[in-house]
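First the structure, then my questions, so here it is.
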Amino acid sequence: MKPVINPKLCKGCNICVYICPKKCYTKGTDISEMGYFNAVVSFPEKCYNHNREGKLICELCVLSCPDQAISWHPETEEEKKK
Amino acid sequence: MKPVINPKLCKGCNICVYICPKKCYTKGTDISEMGYFNAVVSFPEKCYNHNREGKLICELCVLSCPDQAISWHPETEEEKKK
Amino acid sequence: MDIFEFYRKDRWPHVFCPGCGNGTVMNCFFRAFNEAGLSLDNTVFVGGIGCSSRVPLYINSDALHTTHGRAIAFATGLKLAKPGLKVVVFTGDGDLGAIGGNHFINGCRRNVDMTVICINNNIYGMTGGQASITTPHDFQSTTTPYGNKEYPFDLAEIAVAAGANYVARWTTRQVHELTKSMKSALQKRGFALVEVVSQCPTNFGRRNKMADPSQMLEWFKSNTVRRDKAKSAELDHVDLNLAGQITVGEFVDRNRECYEELIGVEKHG
Amino acid sequence: MDIFEFYRKDRWPHVFCPGCGNGTVMNCFFRAFNEAGLSLDNTVFVGGIGCSSRVPLYINSDALHTTHGRAIAFATGLKLAKPGLKVVVFTGDGDLGAIGGNHFINGCRRNVDMTVICINNNIYGMTGGQASITTPHDFQSTTTPYGNKEYPFDLAEIAVAAGANYVARWTTRQVHELTKSMKSALQKRGFALVEVVSQCPTNFGRRNKMADPSQMLEWFKSNTVRRDKAKSAELDHVDLNLAGQITVGEFVDRNRECYEELIGVEKHG
Amino acid sequence: MDSQIRFTGFGGQGVILMGIVLARAASLYERPVGEDGKEKRMSAIQTQSYGPSARGGHSKCDVKISDQEMLYPFVEIPDWLVIMSQQAYSKYIQERRPDTKVIVDPDLVMDRPTGHIYYISATKAAESLGTRIVANVVMLGAFREISGVVSNESLERALMDALPKPTHDLNKSALAQGAKLGREAMEKKGKA
Amino acid sequence: MDSQIRFTGFGGQGVILMGIVLARAASLYERPVGEDGKEKRMSAIQTQSYGPSARGGHSKCDVKISDQEMLYPFVEIPDWLVIMSQQAYSKYIQERRPDTKVIVDPDLVMDRPTGHIYYISATKAAESLGTRIVANVVMLGAFREISGVVSNESLERALMDALPKPTHDLNKSALAQGAKLGREAMEKKGKA
Amino acid sequence: MTIPPGEYFVQGNDACVEGALASGVKFFAGYPITPSTEIAEGLAQRLKGQNGVFLQMEDEIACISAVIGASWGGAKAMTATSGPGFSLMQEAIGYAAMSETPVVLVNVMRGGPSTGQPTKASQGDVMQTKWGSHGDYQVIAFAPATVQEMFDLTVECFNYSEKYRVPAFLLSDAEVGHMRGLLRVPEKLNVIDRKEMGIRRTDEAYDVPDDLVKPFPVFGKGHKAIITGMTHTETGRIEPEDSKVHSDLVRRLNEKVLRNRKDINKWEMIGEGSKTMIISYGSSALGAKEVATKDPNVGLLRLKSIWPLPEEPIAQAARGAQRILVCEMNLGQLFFSIKRVAQDAGCKQVELLSKLGGEPPTPSEVRHKLRSMGAV
Amino acid sequence: MTIPPGEYFVQGNDACVEGALASGVKFFAGYPITPSTEIAEGLAQRLKGQNGVFLQMEDEIACISAVIGASWGGAKAMTATSGPGFSLMQEAIGYAAMSETPVVLVNVMRGGPSTGQPTKASQGDVMQTKWGSHGDYQVIAFAPATVQEMFDLTVECFNYSEKYRVPAFLLSDAEVGHMRGLLRVPEKLNVIDRKEMGIRRTDEAYDVPDDLVKPFPVFGKGHKAIITGMTHTETGRIEPEDSKVHSDLVRRLNEKVLRNRKDINKWEMIGEGSKTMIISYGSSALGAKEVATKDPNVGLLRLKSIWPLPEEPIAQAARGAQRILVCEMNLGQLFFSIKRVAQDAGCKQVELLSKLGGEPPTPSEVRHKLRSMGAV
């Protein structure tokens, strides 16, 4: 699975960037509709849960994100290959 | 010195009777102006402070009496002899 | 000083019931105050509402008889506005520990320099004998006709946990120890609490088979345990039940900086 | 249950500032609630007043958003009137520990069955950053422009001393441990407190050189000590200073009879 | 017709109980037969006041009994004034009319006022029954005998309502003893 | 003559500071010469409102400036409306008259309203000065240039009052940059 | 375990206990205070196990808070106090008004201000009952004058509190609370329960339209209700910055009581149409009642409910009257309001007999005052 | 460290801070609450060491209690709060009245009831200020409408509180408290200090007779004073059962304020004698002021003090008027009292413009209402 940031919820606090042990996130540079610089999932393939299904591990990002902005989505076939 | 009970203050609680290690006090039988049965100093000569002057000892009665009814008075010459 | 220079003789006999421990506490306090060499002119007495809280009205000095539960808050303002004063609070278990609980723990934490004498008779005396936060488990009161189901607070232990500089507890059965602790408290800089477990024969004793004040004193005597000898509470179970044992002694004696020192208010005293 | 079945999606984005720990606490609580297998229909959420106390408004169940400091008192009445309900209180350091201090300690003592989540951000967030009773010594706030001179309360330790059945503390930096303790608290019978030391970047971080929420999380990480490994406080000196170390862990887990059991109220539940 | 009765004494004597029992008797059990030959309902109100917080000090209990609907239920000036302590005497003796009847326990009150006075040594009588505790009941018996505001049966019934079973016999004796003292006092007065 | 000015945006942009500085400039430093040739005192009031508890959300700051004693100090319908966020746009664009002049940061607001509109890319300009933080000051400079309600000197002085020394130079540049953008916008409008 | 129908000789405060039980009270939280304590003590005895919960709390704020909480659990809930405790409850009373929580609060009034006269009666808290909390709100308040009314009006408190979802007050005093007299418990009692959300009702409480008094969403039944003291919409969305939401809400909360004044107001009128009328309430009306009953030229309007102000009966009493005497055990708290209504109704002379210190005005004091006004 | 004379551009709440300092405030205890918090924050900054004590406490009850305590230590003492905190302070306010303690209390009013609208202005606590505590007592209250008045009337609060030994209130609101404008600090300020026991005084505070306002026994000076909230004699003997002691005490406490109404009342009158008069106060008078200033047919009485009710100026405004409009940001709290006085003074038509929701009535709303009344 891969983490996805919902741009309608993210407030650009960058806690995900700080907390991810695998450095999957990077700070954003584009301003969102809500006026924030959303973080970016730059390296989903580095995540502990990359290509994992069923019970996920780590999840520090999802649990820590104060805005419920990160959720898990299945990888595309292409992404799976990374 | 000897303990004296002020009948205008005593409310007849009998704490002095209970507390005195030398059993100097006894329960009263006469009703006071305030309507209480005042305790009686029946055996002042048994008190630790009998014929004592200067710093007194024990004083459990004086400290315990809730109505500030007990105070120290010098013995008469006659009492001293007891 | 004679006791009736210290107290207002013209208000005697006082209002307390025959055998009430409040009078005993007054005797001990008078001695301690004298021995500590303090002056009445420079000391103010503050009380809340309750039998115990009326003690200040009998003392020959300025008295602030306040509202129920707030004595420590009033005293805090008074003391900080005029740091040169000695401030002594008389309060009860209900006044200090029930309605006044928040000011109590914050007073300990803030550690403003004051002496607090809490006459804990395990009951609301003034209002006729309702359970208080120190009424022992299963004891009777007018609001616990089936026995008190709650467990009591240990006021002295809470004061220690909240930060008071000096905490001691005695019963009215230990007048000499009590007097000594009162003196230490009066001489301490910072928040000092002396809790006196005391008899209310009228409203506590009578409903709990100890109508005679001496029975209550005997109860105190036979249930008293020195704190250092008390069976230490297990980590997982606080024994909050006063009925089992009345722990007495000095609970803490330390010198955390008092609030006045911390904020530097004494300069304008 | 999906997180947005548990929470009211239509109220999103929530009102909390970017990086506020309240949202983190919500994630963990949602997981714990799910894992404990509880049902929303049977659970009521109570809050006081403050940022943290607004969490109940976002949950897809009955919510009682009360007055400042009184959430536990409201919850007590609610729970005893309808003992079949699960009652969860969300509160803050100001709401629970300052104005609500008396209800807090009496709630622990009375041991009514409820789960209390206290989000302790060491500040009054909602009103713009005034010191609270947990603001560390010498830290900045709008009401302590010269640094906070008071020493903070240790809420978890007070809860233990006052009699709560379950007490744990974690920071928002330990999301997994926090989730686990929340689950334990939800499953405990009696008064259960989980204190979460949390970041308020807007009103605490910004004034204390940690404007970036990640800086606060890093501060939590480097100051956290497990309670069993914490340097034990000397008997004579309570170290009430949170700045030095944030003790975390389970503080107590015991099974004193809860109030409902004591008074036998469950029969009519 | 209204009767206004005031019982006074010190805290702990059971002065308030006297009033409660009397009022209860009048209110629940008394059914005098009126002029129309029908049983009449009486109404009674009892009020009290006491010194600072129920400790020692004075204690007062007022009862107002009426054979009509009660309008103003408080005693203004008592028709009957019962006094069982010196302190109460000083406090309440002024509040009477010339025709107010005063009943005094002469062992507890030092003064000897003028007017319609009856002396009832209730406390001594109680002691002779074994306990001072029933002095109030003795006095109540005497009061009933002298005043006749309620019947003896009603009073006894109301008294038993208020007391625990094991004490019933003692209190019945006290009531009877009071009635006797009351008769004697009336006779003495009759003679005087 | 009264001027009613409204600054709007989101929390954290410093919208309220804009109003405070403007009102302060008018109130303390502005001494226009009246028709009688005498220096005149201006009075100014600043008020504000913001969304739930100062977090993100919208932010509004009103300034009313008058050359007479101020009677009703609140902005009813603004003469000048400055908008620095989409949310603020939606919330406040309705409250204007046909002749209300609107100044918008086109990079923060998507809509393109009709009427007297001036576009000032304040945020972009601030970024080019090195920090978005001074976007509000750029906008303030532009507003002053376009509206002329106070002099440049007063405004700069009031701004310096409000800011820590080390930031003075940066803010002076931002103000000047704003003034330049303001002139350009007026010219563009003039041509249009 | 309500008391069986019949006759009892009890204290006023005990009659209140019985009235509460008869109304179905299930939760009481209290903190001792003279002269109300017997109510707590009575309920401590009577509420147990199946019957409900008695709780003594750490202070009065906790009590009223718990009572409001219990009401949301669906229980009829009550507390009792006196002056100082009543003052402490004011914040939460405003919350109850704003959140539309049915709760009953007994204030056995004693002499104030402050600790004042703990054992003596007064009517010093009448205006406080209406105005003691911040903001604009309405309450319902009854003033008993007898032991029987301590029972009857306690029942009314519960009924109207449930019906209008508004805090209701029994404004008693030390005299009425501590007096002992006859209590007749009737066979049948009119008991109104709140209109619950999701439950069809056809009885009395149902005649108030839903948009004025919304059905009550008892917690734990899946209503997902949001209850708050903040400005909120009908769905519980908090909108503290929205002027219209606030204005609409506060106006409705006030209107639901004021518009139903006629339903709520209770009174006793003696000698209607007399040239001289007395208006009074609670124990201070008792002396006046004796005067009015015995003197055919004097009438009495005795208010049994005092909030919302019974304007219609006052106007009715005033219409034919040449003079009105208001008797109160305070410095004239209802006096000015009564005067306003009476003057509007055409009565010019409205005077006050104000008695402080603890005893209700006696019949002779009332007569004396009437004489000085040129009546009798 | 008071602010030097001169001109400043500050927030209303800051002007209050400066007014307090200029009056010599030495003690402040506060608990944060919107929209009053800036007053606490300002004094946290300014009161330090030699200047006095700033204390943030555990709740509002502690604050007002500490403030009263500080006053007995001889300090001018103050607290500031808003609705919910104000409600919590009611018990202690009654204590201050009963014990005759000079204290100043600022209430920056927000929308109520309950938590209501924390950031929005209202005038919902006007009646509460007079009636919020139990028992009969009087207070002094001022209502500022501008930044300058936040300063000036804070000074008056201290002055009258000291002079009459009575709690004095600054009834501000979120608009006035948060508005920024010009503050002129004068060279010379009239500052009144309490008349201390044992100290001869010949200045302004001295003109109140000692038997109405007793000299103040500062603690720690050997007066052996007894201060209590119970019914007490002049020597501090508590006599809670003595009716006469109680009645005399409570009547004196009320009289000392009511008899000095003329000394205390402050107001601004525009267009006196107009057929149409507006009566208003605080920020809700600002729209009316614009109307009255611009329209020669409309006059305005703007009350700067509201308790004790300024009956004389109201009567004066009413005497020649055909109609009066009262503007308030509540449901008409002063309206009924103003109406009573105005009608007594002969004005028949008295109407209310009531605005809820947080914004003061605008000039056009005032004009609109006047039109509907047949004026303008």
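As written, the chain order gives the labels A, B, C, D, E, F, G and H, with residue 1 at the start of each chain.
Just so we're on the same page, contacts are C-beta pairs under 8 Å (C-beta built on N, C-alpha and C of every residue); 3 or more make two chains touch, one makes a residue touch a chain.
Note that the structure is predicted; figures quoted are calculated from it, not measured.
Asker: Using the touch definition up top, find the fewest steps from chain A to chain H.
Answerer: Tracing touching chains, the least step count from chain A to chain H comes to 2.
Asker: Going only through chains that touch each other, what is the minimum step count from chain B to chain H?
Answerer: The least step count works out to 2.
Asker: Find the geometric centre of each of chain D and chain F from their Cα atoms only, then give the gap between the two centres in Å, rounded to an integer.
Answerer: 43
Asker: As a quick test, compute the distance in whole Å between the mean CA positions of chain B and chain D.
Answerer: 59
Asker: Can you give the whole-Å distance between the Cα centres of chain D and chain H?
Answerer: Centre separation, chain D to chain H: 39 Å.
Asker: At least two partner chains per residue is the criterion; list those residues in chain F.
Answerer: Touching at least two other chains: 49, 52-53, 56.
Asker: Which chain D residues reach two or more other chains?
Answerer: Expected reply: 16-18, 20, 67, 99, 101-102, 106, 127-128, 133, 263.
Asker: Can you pull out the residues of chain G that are in contact with at least two other chains?
Answerer: In chain G, residues 34, 48, 58-59, 61, 84, 91, 95, 114-115, 118-119, 228-230, 240-241, 359 touch at least two other chains, as defined above.
Asker: Quick check on the complex: what are the chain B residues that touch chain C?
Answerer: Chain B reaches chain C through residues 8-9, 11-15, 17-19, 34, 36, 60, 62-68.
Asker: Could you pull out which chain H residues touch chain C in their complex?
Answerer: 26-27, 29, 48-53, 55, 57-59, 61-63, 65-75, 77, 91-92, 95, 217, 219-230, 236-238
Asker: Looking at the complex, which residues from chain D come into contact with chain G?
Answerer: 11, 41-42, 44, 46, 57, 60-67, 70, 73-82, 84-85, 102-103, 106, 263-265, 267-268
Asker: How about chain C: which of its residues touch chain D in the complex?
Answerer: 99, 101-102, 105-106, 109-111, 133, 149-151, 153, 157-158, 160-163, 235-238, 240, 252-254, 256, 259, 262-263
Asker: Can you check the complex and tell me which residues of chain E touch chain G?
Answerer: Of all residues in chain E, those touching chain G are 20, 23-24, 27-28, 43-50, 53, 70-74, 76.
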